[in-house]
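Chain IDs A, B, C and D follow the sequence of writing; residue 1 opens each chain.
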Amino acid sequence: MSHNSFGHLFRITTWGESHGPAIGCVIDGCPPRLALSEADIQPFLDRRRPGQSRFTTQRQEPDQVRILSGVFEGMTTGTPIALQIDNVDQRSRDYGEIAAKFRPGHADLTYELKYGIRDYRGGGRSSARETAMRVAAGAIARRVLGAGVRIRGALVQLGPHRIDRTRWDWDAVDANPFFCPDPVAAAEWEEILLAVRRAGSSVGAVIEVVADGVPPGLGAPVYAKLDADLAGALMSINAVKGVEIGDGFAAASLSGEDNADELRMADGIVAFGSNHAGGILGGISSGQPVVARFAVKPTSSILAPRRTVDRDGRETEIATKGRHDPCVGIRAVPVGEAMVACVLADHLLRQRAQNPDAPEVARLPRN
Amino acid sequence: MSHNSFGHLFRITTWGESHGPAIGCVIDGCPPRLALSEADIQPFLDRRRPGQSRFTTQRQEPDQVRILSGVFEGMTTGTPIALQIDNVDQRSRDYGEIAAKFRPGHADLTYELKYGIRDYRGGGRSSARETAMRVAAGAIARRVLGAGVRIRGALVQLGPHRIDRTRWDWDAVDANPFFCPDPVAAAEWEEILLAVRRAGSSVGAVIEVVADGVPPGLGAPVYAKLDADLAGALMSINAVKGVEIGDGFAAASLSGEDNADELRMADGIVAFGSNHAGGILGGISSGQPVVARFAVKPTSSILAPRRTVDRDGRETEIATKGRHDPCVGIRAVPVGEAMVACVLADHLLRQRAQNPDAPEVARLPRN
Amino acid sequence: MSHNSFGHLFRITTWGESHGPAIGCVIDGCPPRLALSEADIQPFLDRRRPGQSRFTTQRQEPDQVRILSGVFEGMTTGTPIALQIDNVDQRSRDYGEIAAKFRPGHADLTYELKYGIRDYRGGGRSSARETAMRVAAGAIARRVLGAGVRIRGALVQLGPHRIDRTRWDWDAVDANPFFCPDPVAAAEWEEILLAVRRAGSSVGAVIEVVADGVPPGLGAPVYAKLDADLAGALMSINAVKGVEIGDGFAAASLSGEDNADELRMADGIVAFGSNHAGGILGGISSGQPVVARFAVKPTSSILAPRRTVDRDGRETEIATKGRHDPCVGIRAVPVGEAMVACVLADHLLRQRAQNPDAPEVARLPRN
Amino acid sequence: MSHNSFGHLFRITTWGESHGPAIGCVIDGCPPRLALSEADIQPFLDRRRPGQSRFTTQRQEPDQVRILSGVFEGMTTGTPIALQIDNVDQRSRDYGEIAAKFRPGHADLTYELKYGIRDYRGGGRSSARETAMRVAAGAIARRVLGAGVRIRGALVQLGPHRIDRTRWDWDAVDANPFFCPDPVAAAEWEEILLAVRRAGSSVGAVIEVVADGVPPGLGAPVYAKLDADLAGALMSINAVKGVEIGDGFAAASLSGEDNADELRMADGIVAFGSNHAGGILGGISSGQPVVARFAVKPTSSILAPRRTVDRDGRETEIATKGRHDPCVGIRAVPVGEAMVACVLADHLLRQRAQNPDAPEVARLPRN
């Protein structure tokens, strides 16, 4: 993970700013002879695309992806896959105010202090538009993982409002504008979020991503732990402030007895009585579902004026105008899925390199 | 971050198993002409060392560090610094049971599935002994950061019991066996943890690390975000299940107005009205204190027998015998500090490379 | 250096095939606030461009570069710079023969064995078109190095014909179609190479690149030696079979006395009596000109039929048709310059990170 | 390749100075369940060990290697392998002169300019002692490659004196003190090198390394070319000034017809009529023997006084005293073999990751 690249063997490098001509990414290390076309990527982009409900920014971006290299006659070739999306709706407006002032909660100030220059139009490089390329890369990562691995995300908390987990229904996720697995909560959230939006305010969210069918053995004992890479990957998404694996912070309150995931056998495969660990033991996947959760802060762009300073070090105020998501956490759901897919694909290739004869399921005896 | 290395320009590689002859690490990229001797490292190791109170394992390890390279006449030379600690108390015992059975919550099963072999003695490579080398590396990272950066950790939750943050006193941290900043809580925890230990049970914990004096501009906009690297670093510590920056998961419940850290000026330096962000905006340090928190699960080694399976795939039971920490989270405090120090040192060098003229404090105007 | 990326802190990732829609690269880690526009890059591309003399391929590619990100209001921003060149002259032809048969000396066979698939049109990813992006990246690397560092290349051998080094004239280099610094040799080579071309044959070449003004201290003692990175960089250029630093292979025939570059002082700066070392001692630049040389094999595409095999493992023959350079070494001159520039820029940033107070010239005493 | 590490998936990090307490290395990424003990490594170290003939330095170092981690019950475990060799013969002497003056041809000056400090005792980190760890790592790399890959090196030129390649006899290599494959040349070289040594002078050498049995498909098309990594690896060896693959610089003088390695079939395997390419096409191994050659400059330490400067920038003279190799190229033979082994092992793991179903020999049709 170095500046604008992510992953080691399945390696993603993204580029582009919110209001530049295009955004793009290069995926290096993808195995050859996987069937791939734009049509395999576009549905994932469409899930993340803005302007699809009243609850996301009204910027109109078709987010039409083009594959510029690395695919030949419908198959990956093993050489770098370049993806590109043209920016279409860089609405012309006056950026004078955000060029001169730093919006609280945004990266404006820190860019200025780090680089001494910033492309302030629409947040430049720190815009959430960059996450479109993560989603595109994630679609290819899923190809690498194969059909046996299924990665699904859901919004489990909107502002302070949590879902009722007993009502969890994966089919509900795509049936509401929140990716919410609890249909009752989803209905309640409509009103809540409309009120937030009308008030020009914003709320945060918590997203859960579950990966089923992950083979055991992915990860490594110390710094390349699977959970460490997942944590870095999810924390690298815009506005994320916390990451958990399995029970996460709640594990701190458990006793050792309650936290232990007991083992048993089922058809020669190791099974577990519970999954407090979130599918990862000692940094290595166990064959159980991998469960990760991350918290997104409320959108920093709000209508209420806030105290700030300008580039010359003078105190002033700023209020955000323009198009914004009242809850950026919603569109973070497909992004979180994509990052989990990319981490798993990278570790799958790493595992193959060092342990080509490892079993694909938790079968014992090992040999 | 690749397998057993951590960091890019301040790069740490550790090696060694719990019951091998020694553990060690190599630090590559350290700047030259920093005063350094074993005496600069040992005090940090002593804070993490086992056997110092009734609340940590009774394994007796002096953890005496030796510098084998990279230092000449009391100064770093810019070449790799090799550190080594001999394992002294590899108590002779019968490892037959843990060689054959997988302890729930431990890495035993996943090592077996990944590698088909494991050094089961004392947990081998997955033993918390490895963290001694992190602490040693952290001591050198502090040298790289200089005296202006102060990194301190504290236990803010033991099992379900949280401190009262209004009583926070950094001086209290080293005055109790828990690194607890709340003297009242610390007193209560003594009884609580003794009871846990007597019951052969265990509890988890939450640790908070605060870094003061961090210059603005560390980190990068997308994948090399400072918070992403901190998340990966802290999640890579044994038994950690969650990581937060600033308000963390609590930020999800705030409104945009409440979460905004307003800006003002103080003596030509940007100041903030609050620090919900934990000192990081858009992946880049702002000059505010960097605040990270991580959750440690309860020690998996407990006296109560638990259902498990053996290497041949037969169902059985196991109960842990031998020396253990009733709360591994306690000794994770100096480890967490060390990981934060290593991440900051790495990013300081990266920042110098790309932005050598960036200001050391958040001074405006920038030029 | 990993698959399709090059460099660590000034990091280049290229993508694209000969007959795909475009080729491109992403440059990550470039310092901010360097003046940059397409006009700064295009002249270097024009030097490498095909179709400019009778001695290079007649493929007509304007090689018009576009900057798609990382530059704002004429200045680099510190975020990734994406460059792109559309492929214009993907002449329509029948690729049936090279799809089915492996051309000797080309990568056809090894791609097939490695990936089981290849984009055979014009060589796909192994086409020398990829080197256009190296040249573009090199133009930006020169900006990072600043005006004090001058990097120039020259063809010093065409086939078996060497220049007379006593006639070396840098001004001659751009006055003939060979980048030859010896005007007399250049005149002779015209006839020689025309004959080669008429015969449908090809010849190799040797290129020398000299970097003046390189500050001392770039490189590192062991694996990140400056000469090691130069060697890897130059050997990564298509068709290169050998690399030398300073006297190179000739140094093996010298005595220790003759090879020693004696030191003396000139105005407080260390000067040298000779430069057998090519400006690098112990892997680190000394302040002398850095001198590297590389050998390019004869173009593998020739008219004479050669024995080969097809994808089904049947013996057959193949003769190359179509557009080719009779000496690919000629256009390798600007590519070699670019790779040297990229290596030096990368090491300049690395040096700044670890040794920010190192002197820019070989001034003694150091402090 | 970053500072003191080498390789990506089979990753080596070395540490230690000539006159420190020890030297060592950490090998990360080695596959598990390879039989390994010190006895598998020691014979390779013994070949490189000083003090074995009149033609190498008389420093007496047993170079006894110890494995400190990563091996359990005689098998690798997949965790980092730490190797260590104690320095025994750090002969006590006066280093005042080389502390104050810079020896021409050595790294003294460039270390001073880069770091402002250096461990001058015996060359410190730039001593050829570091290469012992390369040889040790190479022994393990051979295990990764398996018995089917045979890597052998030979001295093919001593000073200006080349072997007669028609007399090449691999069995002769270990029957003379020069690793010379031409028994006639070896006999002549005895007198030549004795005279050089008596004169206090030195000579250079050229070494050839041949790897048989390398599977096709190792390497990658652009920056991770197998030959690029070999070039970097070999150039990183102390005193190396040139690297060639296959015909190397001689290829520049060939016509395309003469340079073409024609293909044919032999038992369903692709065979070649010649091996000008040195076993690598387009950066990827072809299944032919991989052939690399490198030039070593004459030892810089000579008895004849040479002009130099001191740390204060005053002109002076220096003559080397003490123990030296009259031709450091001799002991570079096992080091060159080791580097080739390490590069191949790294690329074997990389190939497995991306192309797990690639054939182990050049068999057609591929599927």
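Here, a residue touches a chain if its C-beta (ideal position, glycine included) is under 8 Å from a C-beta of that chain, and two chains touch if they have at least 3 such contacts.
None of the values given here were measured: they were computed from a predicted structure.
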Next item on the list: Tell me, please, which chain's centre (mean of its C-alpha atoms) is farthest from the centre of chain A?
Entry: D
Checklist line | Which of B-D and C-D has more C-beta contact pairs | finding: C-D
Next item on the list: Determine the centre-to-centre distance between chain A and chain D, using the mean Cα coordinates as centres, and give it in whole Å.
Entry: 45
Next item on the list: Please work out the Cα centroid separation of chain B and chain D, and write it as a whole number of Å.
Entry: 39
Check: Between chain C and chain D, what's the gap in Å when you average each chain's C-alpha atoms?
Finding: 25
Check: Which chain C residues reach two or more other chains?
Finding: 2-5, 8, 14, 29, 32, 78-79, 114-116, 125, 221, 355
Checklist line | Complex contacts: residues of chain A adjacent to chain C | finding: 2-5, 8, 11, 13-17, 20-24, 26, 28-29, 32-33, 66, 68-70, 72, 75, 77-82, 114-119, 124-125
Next item on the list: Please name which positions on chain D make contact with chain C in the complex.
Entry: 1-6, 8, 14, 102, 104-107, 109-116, 125-126, 130, 157, 159-160, 196, 201-206, 216-217, 219-225, 227-236, 238, 240-249, 251-257, 259-265, 268, 270, 273, 276-278, 280-287, 295-302, 304, 306-309, 311-315, 329, 351, 355, 357-359, 362-367
Note to self: List the residues on chain A that touch chain D in their complex, please.
What the structure shows: 8-9, 29-32, 78-79, 221, 349-350, 352-356
